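Chain nomenclature is as follows: A, B and C, assigned in order of appearance, with residue numbering initiated at 1 for each chain independently.
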Amino acid sequence: MAREARDDQANRILYVQTSGAEVPERSATVFFLAAAAAAMDVEVGIYFTQFGPTLLKKGVPEQLRIKKGSLGATLSHFIDQARDLGVRLYVCQPSLDLNDLKMEDLIEGVEMIGGAAFNSLALDADQVICF
Amino acid sequence: MAREARDDQANRILYVQTSGAEVPERSATVFFLAAAAAAMDVEVGIYFTQFGPTLLKKGVPEQLRIKKGSLGATLSHFIDQARDLGVRLYVCQPSLDLNDLKMEDLIEGVEMIGGAAFNSLALDADQVICF
Amino acid sequence: MAREARDDQANRILYVQTSGAEVPERSATVFFLAAAAAAMDVEVGIYFTQFGPTLLKKGVPEQLRIKKGSLGATLSHFIDQARDLGVRLYVCQPSLDLNDLKMEDLIEGVEMIGGAAFNSLALDADQVICF
């Protein structure tokens, strides 16, 4: 979704994720849909705000099971699938502060953007879909 | 909002509902706005994900009061109004699993779609509005 | 974002806020991003529904600290910044009822709109971004 890289013919979806590790049932949908979109050749980014950045903390995805009390898939499965398909991950500084996180606490490859950059991504997208 | 049925001149809104019967105060808005949009000749669908499908479980809408402790309207009122105006209701398989629901547990007329179909509906819509 | 005032060349973003004073960590993002958008000459409105109107109750913004247990900024800071930049604030009647609020309980300058007006604002906007 970066301006230098984008294909002006492609559709673009920006997802927003506001829930974090405190509600596992709300953690996988955004990666599942983002991966599905990327597989459709849509340019996809996910912006993590409010509690969302806690999903990207090193060590969390491997341990977070989507369904409480289940032995099913962990969040890692969904994140890896999305990233392998080229989904970009964004965070904002204020929400890192809110969760007492620093960029070095997060998994590799997450990009920090400010409010103006978020709004520009949103305006450039065909849809913004918020969770 | 189905491709075969849609009117290319009409506006289209896709709503997304992520909260379920566990927070009654979050249950009616989406049906209220969807009905208002359908009454404006907008083509309207609602996609239920995360906890959203619990609102569609048989027996729930008749008993769920929007405001805790009140004797006011139940969710049935809002669902019936939206459906009478042609609002379409969609669920996804993973969120059924998440809530231990099967299609036969849901009220009549709900359609199941996958992630790719959701993204296509979203890209075809004029707006996606998420609750 | 009112039709009489709008500039047809300008971008428009409509934000939606569903969380209220019960989750302070979810209260500031919408004002922060709305202010950033207004500073980019985007026409910006925020629609408060579900628990959102509780953020606009007189006396609440001055006391609500965004981060629990912190001595940091209160919500007033974010609301004032957004309003100084021309961000418009909307509520709906049903969500006032839901929170036992009346218009006179809210801070000055909030506008009440119905479901049809909300949908029209949404369709007129370039993006709808929901929290």
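Criterion: contacts are C-beta pairs under 8 Å (C-beta built on N, C-alpha and C of every residue); 3 or more make two chains touch, one makes a residue touch a chain.
For clarity, every value in this text was computed on a predicted model and none was experimentally measured.
A.B. asks: Please state the rotation angle, between 0 and 180 degrees and to the nearest 5, that superposes the Cα atoms of subunit B on subunit C.
C.D. replies: When the C-alpha atoms are superposed, subunit B turns by 120 degrees onto subunit C.
A.B. asks: Could you check if the interface between copies subunit A and subunit B is built from the same residues on both sides, meaning over half shared, or from different ones?
C.D. replies: On the two sides of the subunit B and subunit A interface, the residue numbers are mostly different, under half being shared.
A.B. asks: So the centre of each chain is just the mean of its C-alpha atoms; given that, what is the distance between subunit A and subunit B in Å?
C.D. replies: Computed from C-alpha means, the inter-chain centre distance equals 24 Å.
A.B. asks: Quick check on subunit B: which residues sit in contact with 2+ other chains?
C.D. replies: Answer for subunit B, listing residues that touch two or more other chains: 128, 130.
A.B. asks: Sort out for me which residues of subunit C touch subunit A in the complex.
C.D. replies: Per the stated touch rule, the residues are 11, 13, 25-26, 28-29, 32-33, 35-37, 39-40, 42, 66-67, 126-131.
A.B. asks: Under the stated contact criterion, what part of subunit B meets subunit A in this complex?
C.D. replies: Of all residues in subunit B, those touching subunit A are 16, 18, 49-51, 94-95, 97-98, 114-116, 118-120, 122-123, 125, 128, 130.
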